[in-house]
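What follows is a short report on a single structure.
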Amino acid sequence: MRPRGHPGDNALVSERRYVITFGCPDRTGIIARISSFLAEAGGLIVEAAYHSDLDTGWFFTRQEVRADTLPFDVEELRARFAGVARSLGAESDWRIDDTAERPRVVLLVSKEGHCLYDLLGRVAAGELDVDVRAVIGNHDVLADVTRAHGIPFHHVPFPAHGTEGKAEAFAEVRKLVDEHDPHAVVLARFMQILPPELCEAWAGRAINIHHSFLPSFVGARPYHQAHARGVKLVGATCHYVTADLDAGPIIEQDVIRVDHGDSVADMVRKGRDIEKVTLARGLRWHLESRVLVHGNRTVVF
Amino acid sequence: MRPRGHPGDNALVSERRYVITFGCPDRTGIIARISSFLAEAGGLIVEAAYHSDLDTGWFFTRQEVRADTLPFDVEELRARFAGVARSLGAESDWRIDDTAERPRVVLLVSKEGHCLYDLLGRVAAGELDVDVRAVIGNHDVLADVTRAHGIPFHHVPFPAHGTEGKAEAFAEVRKLVDEHDPHAVVLARFMQILPPELCEAWAGRAINIHHSFLPSFVGARPYHQAHARGVKLVGATCHYVTADLDAGPIIEQDVIRVDHGDSVADMVRKGRDIEKVTLARGLRWHLESRVLVHGNRTVVF
Amino acid sequence: MRPRGHPGDNALVSERRYVITFGCPDRTGIIARISSFLAEAGGLIVEAAYHSDLDTGWFFTRQEVRADTLPFDVEELRARFAGVARSLGAESDWRIDDTAERPRVVLLVSKEGHCLYDLLGRVAAGELDVDVRAVIGNHDVLADVTRAHGIPFHHVPFPAHGTEGKAEAFAEVRKLVDEHDPHAVVLARFMQILPPELCEAWAGRAINIHHSFLPSFVGARPYHQAHARGVKLVGATCHYVTADLDAGPIIEQDVIRVDHGDSVADMVRKGRDIEKVTLARGLRWHLESRVLVHGNRTVVF
Amino acid sequence: MRPRGHPGDNALVSERRYVITFGCPDRTGIIARISSFLAEAGGLIVEAAYHSDLDTGWFFTRQEVRADTLPFDVEELRARFAGVARSLGAESDWRIDDTAERPRVVLLVSKEGHCLYDLLGRVAAGELDVDVRAVIGNHDVLADVTRAHGIPFHHVPFPAHGTEGKAEAFAEVRKLVDEHDPHAVVLARFMQILPPELCEAWAGRAINIHHSFLPSFVGARPYHQAHARGVKLVGATCHYVTADLDAGPIIEQDVIRVDHGDSVADMVRKGRDIEKVTLARGLRWHLESRVLVHGNRTVVF
């Protein structure tokens, strides 16, 4: 197996597209069935990716179709494609997104601002075309920068110790998030462990950046753990949040070299550059419907 | 645009496959046409990749079909596919390879052995399943190691200075190469510039490893050039040979960090690790029919 | 030659330090002379780096001394060290910086904001402890974000075509820069070529980020050049500005993979992540007195 | 903290050097004491590196002195330096190596040949100037290639299951190794866990390559573990062997990208390129006396 090969760049393409993501047990004729359906309707495929997982026998695809080449709208496309999916044995494991719908995002933060600054900068620079509806912090130190970008900031204090008041705080967070029905809830160094009911409510939409190369250094203070172990690279992992701490499906990872001269503080600083880039990539791919989850692994088209 | 997404691994898969590579002007229905043709014959696609080049309006695809799922042999597949290709306006820009045919390779070397050692080691370890038919050197220092692997070594001396005798030497090289009709002629640090007629005769099959990150440092002594310029990374480039020196279509590139403490000799040593890995990758992809050339650029599926 | 090995991290260390940088022709006893001078005064060296360049026969060193371990102030240290330097034949090729002096920086920008956003975010997050005195733009699109950080923004329009008015514009830029006597003048994607007299006035202080892996793709539109050449990696280069366009001493470089699926727009987007990280690293090292220039090359301690 | 900065390249420098490695509790004047001692004897330092570990308060240095600049031999240097070391409170934590002594290496292998091929290729190409005294395998599949390089191969069968005969086998291995008093015992994918007494006997000399980015995926079948977890990078770790499985001090690590398209077999293949390069680097640094162990961490100068 080898590299890649994908056209387009949603963020910089103005023309409207419909994005089909689909998975089903592999068998002969799936590509033919889907592509013939699109061709018959006149749909021009501008990006197509396929993956047959030989271990699990599962087939995955993602297709981008130029909206203006189809004689009907996205609702009609969904209705018609449902029949195709059904005929391939995929009742529910598919979705069609419309790039005309600007993705809504809510960010959860704590005190560390580097991921927030980075994401807001990308949005402001027009590089990441998303609608950041709100930023919610368990501290308020990042309120000013958020508001300077014209984005509402909500401060929801959490108990410093113990669990008293935690459930109420999470309920408040949930209310503030859910009113936006966001495509992504980003834990941009949020530092609080989501309770199981939130993991479930936001399954497949809650994205975390963990400051280590998972599965190394799960949990608290990963740079301290990395320093103590004497590793020569530190990393960052962008993954979906599940009830299992730091064990959800991995979207993206990256690393940077460190050496004996790097104190924990140096690792923290160097790691930030990896954290923010890894999170930004993972979030972009998620919002472009490039990430298909299967079990605890991801296909990233 | 974003990552990749490819199943399989030819080198480690024992089952026979047919590999279709194809290019034509992009339009609606190409994927449907090809995949329907295969589905109707019962062919199971185990790997599929597509690329629509928005700049040139060209469409590319590579498909791997499990041979045992088709009711006919590769000759019949070619005959039938010719009709499909013709209907899509691609008279000649396609090919079907059979993984049952073990690729034949001839290596051209000089005195530097690291790429030769690396390739022979990969073949001996079973990692690169190719038939190295011969090694040809303009010096004979690498004769022993070649023969220890049971491979014929031919010494074809070249004039040290001037051009007298050079044409004869190249004619001899050509004869020794062409008798094997190789899938790849690898210039594994050959250090001689191929004459235009050989570039043409071996077009799309002659693969060079240049010891710089092209287009930087074309020509002789690239590490000396890199050291003089004070770059912080040195690289290697695996590319098809054309009559334009070091300017052919690039298959693969990689880099490694250097710093002020690295002498030219250090750069040479560090660069070797990049050269051999970059060449090995590029050669593998070429032999797996993953590299499609379009103008002076490559699509690597 | 091999890795690295450096203690400390100025940005995160609160204790005051004096940083000695020094170069002279190599000979026996230099390290002994300098370290004995410091030891006799009671100075504790917290970071020390040496480099003997075997090609040029030049010796370089950088030493960080804990200020509170010396019985005199930085002026007295400079006065005394002058004698040491003189005895080693280095009349002027040395400097002593005081980490208590917060570095002053002026940024020059155009329309592209990613490097500006990144630097301002690092300063706001406390990661880059510098005093950004002013941002000067030949366009005013980045005025608001700059002022939101409490930093003055000056708009100095440049002629869109031709050279009329250009000298006046540069004179105005120079006035606005020089009043701050900055430690670094950062061309954060400024897109205007500095005239020779400014290159000279700011020699060793003007830092540019070029959006290619130099010496490849000098000049305008490097991502377009990279796309046309079909390279498999794009890069960024942080270098000192000299009168020779994009040919000054290189401080830092980095690269990121691209492939056939990446349009020019994709390369631009991917390249940004490399540009901003490369510039931030180069600027930090410059401000920490880690970069010693020798001819057209740098030693980065 | 930041990059590196080191002259020279032992492997390519013909002139004889003495290499001093030294560690002691940090305090004022250590560099002055050592460098003055060398300067007084006329010793020209061609490479010098220092590290003060702020966490442990430990000081480390490595110095290369040109042998012909000293008026005495290495024995006398050791005798005189012992006094210096004693005066700095470092009775035993120092060593002086002589580059005139060609390092002796014994390799332990099993069936997988890629690391062996790579190391033998480097030695044959003159890149790694070491004396490979013997290769010992618990299988004999790599006997021929070893002998083709003129190196003795010893086959020491190990019990396939259970522990009966294992102690005898290890005793035999130990005898075959110890007769060469090697500077390094390299477990080049040996796949047998050394018993505690061998870990102790070869402490600081036994070097393993583990095919994962430790501490992830300790133990057996790390690529299978990596595939199951869905990581986006696989790695390799070169470390000293201790009685704690895969937990010894790390010398070097590196990673390579993988994605959903990579089967376990693909990961194995891609990982090999990282394993062999990482092992070769770690071994070189060890043999050049660049690796100083402190607790469970390394300083790599």
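So that you can tell them apart, the chains are marked A, B, C and D in the order they are listed, and the count of residues begins at 1 in each.
Note that in this section a contact is a pair of C-beta atoms (placed from the backbone, for glycine too) under 8 Å apart; a residue touches a chain by one contact, two chains touch by 3 or more.
Owing to the predicted nature of the structure, the values given are computational and were not obtained by experimental measurement.
Each step here moves to a touching chain, and the least such steps from subunit A to subunit C number 1. Relative to the C-alpha centre of subunit B, the farthest chain centre belongs to C.
Interface comparison, B-D versus C-D: the higher number of contacting C-beta pairs is recorded for C-D.
Centre-to-centre spacing of subunit B and subunit C amounts to 41 Å, using the average Cα coordinate of each chain.
One simple way to say how far apart two chains are is to compare their mean CA positions; for subunit C and subunit D this gives 36 Å. Among the residues of subunit B, those touching two or more other chains are numbered 1-9, 51, 53-54, 259-263, 266, 299-300. Across the complex, subunit A meets subunit C through its residues 3-9, 11-12, 112-114, 117-118, 121-122, 124-125, 127, 145, 148, 259-263, 265-266, 269, 272-273, 277, 280.
Every residue of subunit B that touches subunit C in the complex is listed here, in rising order: 1-2, 4, 51, 53-55, 213-217, 227, 229-233, 235, 249-255, 259-264, 266, 296-300. Per the touch definition, subunit A reaches subunit B in the complex via residues 1-9, 27-29, 31-33, 35-36, 38-40, 42-54, 69, 284-285, 288, 290, 299-301.
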